[in-house]
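Please find the structures below.
Look at the two complexes coming up: subunit A is in both, with subunit B in one and subunit C in the other.
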Partner chain A sequence: MTARPGAPAPAGTGAGAGEAPGPAAAAQAPGRPAVPQGLRRDAERFQWGSLALLVPSAALLAVLFIIPVVYAFYLGFTNLQLVGIHAVDWHFTGAENLRRLAGDQVFRYSMELTLAFIAGSVAGVVIIGLALAMLMQTALAPVRIVAGGIVIVAWMMPAITAGMTWYASTTAGGTFGTLLGLANSDFLHREPLLIVTLANIWSQTGFAMMVFGAALRNIPRDLLESAQIENASRPQRFARITLPLLRPTIVTTVLLITLISLANFGLIYVMTQGGPGNATDILPLYSYQQAFQFDNLAYGALIGNALVILCAIFGAIYVRASRSRA
Partner chain B sequence: MPGLRFEHVWKLYGRQAPAVADLSLDIAEGEFLVLVGASGCGKTTSLRMLAGLERPSYGRIWMGGKDVTDIPPGRRDVSMVFQSYALYPNMTVYKNLAFGPRVRREPREHIRRRVEEVAEILGIGGLLDRHPGELSGGQRQRVALGRAMIREPSLFLMDEPLSNLDAALRVQMRAELIRLHKRLERTATVYVTHDQVEALTMGDRVAVLKDGSLLQVGTPAELYDAPATVYVATFIGSPAMNVIPGRLSIVGGRPRVACLGAEFEVPWPLRPGAAARDVLVGIRPDDLGPAARAPRGAVRIGGRTDVCEQTGIAIYATVNCPGAALVARLPRSPVPAANQPIEVAFDPRDVHLFDSRTQASIADRSHPALAGVASPAAAAPPGTTK
Partner chain C sequence: MTAVGAAPEAAARRPAMPPANRASLRALSGQAIANVLLAIFGALFLLPMLWLVLASVDANASWSVEVPHLTAANFADALSGSNLQSIINSIVMSGVSTVIATICGALAAYALSRRRIPWKGPLLLAVLFLSGVPLAILVIPVFQMYSAIGWLSLLPCSLFLAVTSLPFEIYLIKNFIDAVPRDVEEAARMERAGTFQILTRVVGPLALPGIGAAAIYGFVTAWGSFLVPLVLITDPSQQPGSIAIFGFIGNAYVRYGDIAAFSLIYAVPILLLYALSARLFRGGFVLSGAVKG
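Moving on to the complex of A and B:
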């Protein structure tokens, strides 16, 4: 474009603009060219060569994952025992175990505990992790490094260590009680599920914080600035901009925390072994107890199967949630 | 009541050269000020300090008689078009436009009407249901503009708001912006652009920045007719002013300039203290034409044609003269062949003179041509055109 200050006014662009809709438009006018038919070059196609590349990982998956899972699924419908006669002489028993499961009060209770544990853990980890990540963003560098370091150490700590630490802190005469001047209060005994959930939150939060921190850094600063100029309050900016943009990250984190929490068997086992009574007997623990303490391998496997299905349902829900648009 | 004021404002980032250095500038209520300058000269930084997004390292900023240096962005009553658009990717165009009004809890029906009005003006009425990711660059830019226009703030900040539009649309939007500015009588606009036409046609005044410093501020005519430095002279106007080395001498009290083998008397008074020295002589391409059409008293220079740039209403031809290559404006036909002898001429009244060491203007072009008397250092009446 030419720009001649000597001749101002919009007329300056007249030369180029006037010609634009000339011959080109005329050629288009009497009927557009027909869209070609037949196979499109840009159509998605299956590439046979990709099969060869898939074979190694497919084989590994089959041997290490699919076959064991299918086998475990089958075991759930047998009378296999860890010791005794049915350890050797076992066979398919059809719906027998299912019937037992349906009438099993402990299983129902365990299911409820699991849902409560997961819901509490996920909510706690996401909220605290996000809050920490947002605080870290505005913190001065030294504070950020020290606080971040502590949270991450908590996350890297083996489940056994974390479990022992929490056990030691929350039983009678433990650190928390002493600090609060209630030396004899046995928190773990009184609110076992709550304490166990808190311990799990404590050990997962560092992970969530790191993931959210990375996602927050990826939100363009000018979006928040633009909202700031519009005098949007901090909560409004958070609700209308930050949160929607973090949504995919939150969904992924929720899924991961769900799975990691269910797999965080060691923590609860060290702290309560499912007790007192059955108060923290979430599905992974109950499955383990049935299989290896009461020697009902098959029944344990069936409970494990229920757990797998539960995870699959969670997964499906999250996948849907991450697809739909705000 | 003063509108806006930068008072010795500095902005420093780390150890690098200041992004804005000692900027002092007054902007009147209802004024349209255009900021121009090369890339990286501190235009965006200055706007961001006005918006409150950036805190000055030193200095103060005033708005409506109040010191707003420490007042947060939301309480300054400004609206801003970001250079990067800053559209909310998770919202539709409609929601982007409605964001501000919604935050301010305006009535729903009123918001809808305003959004439709603005979308209509900007020609994005059909795009209201799309997300920013589904728009072309120019469409996004118009949404960004619309988000600012939907309000009636006391200050508009626009960072290259039309840079991505095609020529026709740009002319149209320019007119809309001027209309908007005229309608909101008390609203000042600070407008950043790289486009010469925008700078010179839209601004009540134009401020030229270089490396964070304000070089000159004045009406478009002042900047065009009386640039204070070589930088401003070559930056304002397109094609850029020809600048050629020359020698100034004072003969019988009158300034005479020798350059390109010619010698002529300059009809402008010199600034006080001017004496014989090396100078840079500036001649705008539009003031350099074919000698055949030149009036009596014009200075003629011979050379050979080189590259020609056809613009439709004229040809800007590079003419190789002994010692310099000059760009001259020739009639659009006949198109000169390459490497042809040609004689171009200019009127000595159109010459700009700069000290070759300080780069500052030494001919006081703000005064009408008088006999060669050293000028009194009086302020120029604003809006003096040639």
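Moving on to the complex of A and C:
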């Protein structure tokens, strides 16, 4: 494209002008060879039929996705309630909810819990997922298939099944307590955030393992082999070759796991419903609680807005990380 | 994959050279360690599942892992009356949502892949961005919108679930259509095939693995969804299985065996779909070879 500086310009402006190059584009479609320079031979003019293809998705996304996001932003600054007088007669209240948010100890706590939950989940999923993917490369087929199968089944399980499974295993009398000889210790009650994070790691690792497995297979073997001939140790090969080549995959996986973990509402809700106390009340749960259990729809929406801002920050960090070449 | 076969072979070839022999020994012990570690990881991941399987066939199950008094009654309970209804609701909810999202997604994906569309780059970025928006923030405004028009029921809820998986489905299908060679499509157009025919006869079948993967993604997402039906469906008899499980716990006495059996049943369709998608992708690899030739 950039090789011929003259050619792309007419093609580019043609796109903007729409109708002007129309006949020419139509004429070249059957014959094709008439367009030698920069212009892609398949470059078509805009067709109204394309809109018909886009309309169903665009309409659905506009009405049930984009409008709700904007609406949620507005609702956060009103006094809307689920029941009672403010369920019908509600109005804009300016910064009142913001003031409430600023003084809300539970919100601060919820924010800390969210960050801890995300950090723990991401670290666990990436490290264990990468370790599993690397072990799979050298392990024998039967071990690989059985162990990999178990990890993937854990990943595929619906949130409620995973939640029930982990609830049963970590509550008083559960599998973990029995195995550790502490049959009656209620791990879930004593270390709720840790257990919920472990459950989340358990249910996401299969995804990371598959992604890393594919990325590892794409690393050229001769690179690693030549390093081996140069007497590079295993850790050296990992740190100097594998890890840098995997970096883009790791960055993407970190973002995806962050978003998926924040969406893993069902898992935590089934296990603890945000409790005991507020010990596992991460932002999505706190937002739900305020909106539908304490009836403060507007305040719940505002907490949701805070969650969006948090996700946007994560996204921005991701964009920076994926662009910089360390 | 190749490492498994290669390592013993290398070990057999090398014994003539002493230093290499040591290296191959190290490689062998490394392999042994890898196997043991992987087995340990597998066992740790299996551990929580033990209760699920054992309690589901245990007549007097509790939260503990015990040798079960074998029975099938738990599964019978889990599949009777309102429990069965909730599973049917799940099937309807996920099915409707998948059909809507996959058809709309495939149409949009085709347009975004093949047609000249102004602002295509930003549009695609916006679609990708939407697939990352956390659902928790959408539930409150959609609840407010739905309750205003009396839509807090199963089918509107399915429609909303379709919308939530739509952005990622568009992206997924678009990537697959991008990989379908244009020549095939141009040949069809020369034969005066219309857009609809090209979609259903040419591009559709060739991008089937992608469309299938997107449909499976949509189904799995809807099937596992918890927060959305919890908020958007008010009638208990319309609730899907993921919410119904709470009825089990809320009962006067908790029937652990039923919970385990129901949780297990609820996971089965997902596991089957995963197996199916693995086959679909294998079909996809064969296909890419056939098109080239």
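To be clear about the criterion, the second predicted complex is superposed on the first by the 266 of 326 C-alpha atoms of A that agree within 3 Å, B and C clash if a C-alpha of one lies under 4 Å from a C-alpha of the other, contacts with A are read in each partner's own complex, and residues count from 1 in each chain.
Keep in mind that, in the parts below, a contact is a pair of C-beta atoms (placed from the backbone, for glycine too) under 8 Å apart; a residue touches a chain by one contact, two chains touch by 3 or more.
Please read these numbers as outputs of a predicted model, since none were measured by experiment.
Asks: By residue count, which of the two partners contacts subunit A more extensively, subunit B or subunit C?
Replies: C
Asks: Given the touch rule stated above, what does A:A172 touch, subunit B (first), subunit C (second), both, or neither?
Replies: In the superposed model, A:A172 contacts subunit C only, not subunit B.
Asks: Please work out whether A:N305 is in contact with subunit B alone, subunit C alone, both, or neither, and reply first, second, both or neither.
Replies: second
Asks: Please work out whether A:P68 is in contact with subunit B alone, subunit C alone, both, or neither, and reply first, second, both or neither.
Replies: A:P68 sits against subunit C, while subunit B stays out of touch.
Asks: By the touch definition at the top of the document, which applies to A:P158: first (subunit B), second (subunit C), both, or neither?
Replies: second
Asks: Is A:R240 touching the first partner subunit B, the second partner subunit C, both, or neither of them?
Replies: first
Asks: Would you tell me the residues on subunit A in contact with subunit B in one complex that are also in contact with subunit C in the other?
Replies: Residues common to the subunit A contacts of subunit C and of subunit B are 15, listed in rising order.
Asks: For the complex, give me every residue of subunit C touching subunit A.
Replies: Its residues touching subunit A are 1, 3-4, 7, 30-31, 34-35, 37-39, 41-42, 45-52, 55, 62-65, 100, 103-105, 107-108, 110-112, 114-118, 129-130, 132-145, 159-160, 162-164, 166-167, 170, 182, 190, 195, 220, 223-227, 231, 241-242, 245, 256, 259-260, 263-264, 266-267, 270-271, 274.
Asks: Using the touch definition up top, name the residues of subunit B that touch subunit A in the complex.
Replies: Interface residues on subunit B, with respect to subunit A: 51-53, 72-76, 78-80, 82, 84, 86, 88-91, 99-100, 103-104, 147, 167-168, 170-171, 174-175, 195-197, 200-201, 220, 224, 236-238, 284, 286, 311-313.
Asks: Using the touch definition up top, name the residues of subunit A that touch subunit C in the complex.
Replies: 15, 30, 42-47, 49-50, 53-54, 56-58, 60-61, 64-69, 71-72, 75, 80, 128, 131-132, 135-141, 143-144, 146-148, 150-154, 156-161, 164-169, 171-176, 178-179, 183, 199, 202, 205, 217, 234, 255, 259, 262-263, 265-266, 269-270, 283-284, 287-288, 291-292, 297, 300-301, 304-305, 307-308, 311, 315
Asks: Quick check: in the complex, which residue numbers of subunit A touch subunit B?
Replies: 1-10, 12-13, 15-17, 20, 220, 222-223, 225-233, 236, 240-241, 244-245, 247, 326
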